[in-house]
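The next part holds the structures, each set out as structure tokens.
Here come two complexes built around chain A, the first alongside chain B, the second alongside chain C.
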Partner chain A sequence: MTEVSIERLTKTFGSARAVDGISIRIADGEFISLLGPSGCGKTTTLKMIAGFEEASEGAIRFDGKDVVNVPAEKRDIGMVFQNYALFPHMTVDQNLAFGLEMRKIAKPEMLSRIAKVLDMVQLGGYSDRYPNQLSGGQQQRVALARALVIEPKILLLDEPLANLDAKLREEMRVFIRDLQRRVGITTVYVTHDQAEAMTMSDRVVVMFGGRIAQIGAPSDIYERPENLEVAQFVGQVNLVRGTILGGTITGPAGAGKSRVASVFGDVAVDSRADHAPGTAVTLSLRPEAIELKPAGQGGAQGKVMARYYSGSIIDYRIALDSSETLHVQTFPNIRIAEGDRVSVHAPADGFWLLGAAQ
Partner chain B sequence: MKRPVLTLYCLLVYAFLLAPILVVVGASFNAGNFLTFPPQGLSLRWYVTFFHNDVFMRAIRTSLWVAAVATVISGTIGTMAALYYVQHAGRWKEAVRIAMLAPLLLPEVLTAIALLFFVYAIGIGTTTMIGMVVGHVLITLPFVFINVSASLESFDPSWDMAARSLGAGRLTRFRRIMLPLIKPGVIGGALFAFIISFDTFTISFMLKGIGTSTLPIQLFDYLRTNFTPEAAAVSTVSIVLTLVVVIVSEKVLGLRIHRF
Partner chain C sequence: MMPARRKGLGPLILIAPAAVLLGVFLVLPYLNIVVMSFRMPGQGTPYGAGFTIGNYTKFFVDSFYLLQVANTLWIGLITTAICLVVGFPVAWQLARGAMRFRALAYGLVLSPLLVGIVIRSYGWTILLGNAGLINRTLTGMGLIDRPLPLMYNALGIVIALVHVFLPFMILPIMAAIQGVDPSLESAARSLGASRFTAFRRIVLPLCTPGIQAGCILVFVLSLSAYVTPSLIGGLRVKTMAVTVVDALIDTFQWPWGSALALMLSVTGALCVVIFARLTRMKWKVGRT
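This part shows the complex of A and B:
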């Protein structure tokens, strides 16, 4: 049961600041993801929490106690690596026993703990296999079991699903998430895959260039991105130009909204900050929020440039008559073909005001 | 035999490599007084003579002793050097490699002469075996280094990190994770070291202690004045000894490489 507090954590390599003064408070039992492109400092942050990298500045507290000067082997963490890092010369049992031996756990307890954890990861009966006799997914579960069997204070995962194929990856997401809930262990998960971060985490930390761009619940990050960079990283997004109109919006539904004139008419758009009337702004519009109808049914008018069928959804590229291009995702039950003219409707709650236009 | 030409070629290469050995082994069972092949009658008499020859017995003991000591020292230093080379050398990597392989590149006789000057300059001289052991360590070091660093290159650093995260200190990690995983390289290197030390002539010839002699030198001495099949018996025994060392290490310590 551990609360982790990261305070102004910095890591410099020469003059480069890989991690630049980040602060995160992780609640007991929380599942936090560090999400960002490669080189954003997420792995370096994880390694500092684990103790494999020395922090240049700042503090890392486990339940209020600064662990910056505690070596990795004394931090009591469980770590899962991208390539699993199972000891190839040891059986599954021996891999799991290793951490318990380091803790001088008595043999009977050791055996019962190993059996319990193997059962939890659904690998009972695999005790005597060597890692090279297991599939990728099984190895991943052994790695998870090895990290959990020592009952660490926190669980750290470094892109653990990156080496698995797509179907297995989706299964493992759910598996890891459920397991984490059941065990109730504080977890930090590093990934560059936004879908993974969204489905698994209580909160997502989006990082760019060693800094935190936004911390929030997955829905927060997706629906109310702090800036264009975040919006583009966590999903596909259309950018729509607009101008702030004067006048206030009244009523509880209008709180925090701005009236914006755009190609879709006047819309009341959610925003974080107020802008003066007349300001040119950029709105984001998620592709799945847009509705396509046959031409002549109101809304903005345009033409279908391309259509990509992918089973559960269809992707459309629409060229609006106002010369903007839109990316639209719909369920495959509408019959609109390439070259068709269409009416494009966007509900007000599909928009988000990103900020003043650049 | 799908490829008769290739098969024939391989057989010829083996014949070329092994024929001299077969000749020596065959000649050692000679019943006659001269080193001839084919042997004139079969007999073990020259083995009996050899095992009763104190000079040869002393030389073979010296050879085994020097080879064992040199192997232990060379194995230890070579492994440590390989560890440094693979994990910490950074931009000095190439320089470290060349320095470690230098004894292979220099003619052995130069190394031997330089060492001879050196041991006298620092006052050790050749009254003890120290100079010779140092020489043997020097020429066997590259073989340990090459073998161990090759197996270290395939050692995944995340194994070490995983062991750390599980609470293992430095020594435990080396003993329980790294050493078992690089063992084939260490043992392979040590075997090379042993065989090369047991076999070397030049270094031993220059640096041997006064009054002592290794088997190759003793054999050379012997052949200058004698030409009996005893020389073949000595050679055969030394071949067998080498094979025994290889097979025993393979069985006892394991040369098998883990397949990941």
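This part shows the complex of A and C:
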């Protein structure tokens, strides 16, 4: 039952600011992801929470108590590493027992806790195996069990799925998420994989260059990105030029929307800030929001330049007559071939106003 | 399914050069020595006609030689222990430390091997002798009245041997430490282990293979060292290797020298086997 509060946390290496004054409040039992490209400071932040890296400035509070000067072994954290970091000279049982021995837990309780956790990660019966006798996914689950068996205040995961193959990765996402919910432990998860962050987290912290670009629920990050960088990092996005039109939009649906003239006509677009009429703006348009119809059915007109079939979806590249290129994702139930002329429809709620055009 | 491993000539061809080399230059001479050790001592010749076990009874009956073996083993043991204690931190620093002059440090570690053994040993006599640099400096400073006995004793031999064999301890341990993932220490600490406990329970067991290799190398090299003990030990302290050479070359007693040489090999091998047994790693044996 731990609430984590990070306040103006900074880490400098020489003159470089790896983490630059970030603040995050993590609620008890919350699953939060630090998402960003490599070098954005997410791993350094995690290491500072764990106590492996000293904070240059700022505070890290566990339930209000600053732990910046507490050594890693006294912070009561459970950590899962990218390469699992299982002790190769110890069996699964011994790996799990290690943290309990450090806590001087009596033998009978130790055994029952190990058995319980192994059961939880579905590895009962693997007690006597050495790590190199386990598959990658199994090692991952042992690492998870080893971190959880000590019943830590906080669970920290550093790109734990990066070394697994795609199918296993998707299974483990669900597995870890379910386990975290059941245990109810406050969790910080570091990843560069936006799909991982979105599916697992209560909230996602998007980081670039040591700073926080946006904190929000996955749907918030995806549908209402703070800026172009965030929009491009969390998914594929089409950029559409537009101009702010004057006049207000009436009705409850109009709140917070701006009228924008674009190649798709006049649309009422959600935005965070107001812009003066006449301002050139950039709109984002997600590929899956776009609808393709045979030519001559209204909307913007264009031509299919390329079509990529991948089972559950088809990707299209469309060259609009207005010379813009669009990336469109559709269900495979429409039959439009390369070279066909198409009508492109984009519903107003597929747009998001990113900001003034640069 | 894994494809069945081809049982061809491949592996044989790979080990053939080494096998031939060892066979011709190690096994055959050894066999010759074994035979020689059972020959009769000669009169004016290296060996006489007929066979005997007299060389061995002489060895076991005369406590002088047993004591010499014990002495040699003791010198080897102390040399190995000092190399381990001195070498481990260096190996750690080379493997893990953030060092600006890593190449230079490597060079320094290897430097004892770059100087010929005779020159190096004479270097030590210049330093350690009664009129040597160390004693002259200390007497000059008025710290001692009489020169410290640094040469012609076991201490001098150990000092010189540690110097020569330190690289053989450092290099395998360094390689072993490099093979231990640093995140294992982080994992141990996240589980509540102090730095020291993480080192003792995780890092140390995992670099045991390197420690083992280093210890065996230094120990065996110390037992068989000849030039350094003979130059620094002089006539007063003799190791087995020196006595063997005396018997073979100075007094020309080939059967006796062969028996001594074999006893040295056997005791050395016994020590290595016992040591390897004691430091056996179950987790390595248990691997599939």
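In this section, the second predicted complex is superposed on the first by the 358 of 358 C-alpha atoms of A that agree within 3 Å, B and C clash if a C-alpha of one lies under 4 Å from a C-alpha of the other, contacts with A are read in each partner's own complex, and residues count from 1 in each chain.
Throughout what follows, a residue touches a chain if its C-beta (ideal position, glycine included) is under 8 Å from a C-beta of that chain, and two chains touch if they have at least 3 such contacts.
It should be emphasised that the depicted structure is a prediction, and the values quoted were computed from it without experimental measurement.
Overlaying the two complexes via chain A brings chain B and chain C into a clash. By the touch criterion defined above, A:218 lies against neither chain B nor chain C after alignment on the C-alpha atoms of chain A. In the superposition on chain A, A:36 makes contact with neither chain B nor chain C. In the superposed pair of complexes, A:85 makes contact with chain B and with chain C alike.
In the superposition on chain A, contact of A:133 is made with chain C only, not with chain B.
By the touch criterion defined above, A:287 reaches neither chain B nor chain C. Shared contact residues of chain A with chain B and chain C: 50-52, 71-74, 76-79, 81-83, 85-89, 98-99, 102-103, 132, 146-147, 150, 156. Residues of chain C touching chain A in their complex: 181, 183-184, 186-194, 197, 201-202, 205-206, 281, 283, 286-288.
Listed in rising order, the residues of chain B touching chain A in the complex are 156, 158-159, 161-169, 172, 176-177, 180-181, 258-260.
On the chain A side of its complex with chain C, the touching residues are 50-52, 71-74, 76-79, 81-83, 85-90, 98-99, 102-103, 130, 132-133, 146-147, 150, 156. Those residues of chain A lying in contact with chain B across their complex are 50-52, 71-79, 81-83, 85-89, 98-99, 102-103, 131-132, 146-147, 150, 156.
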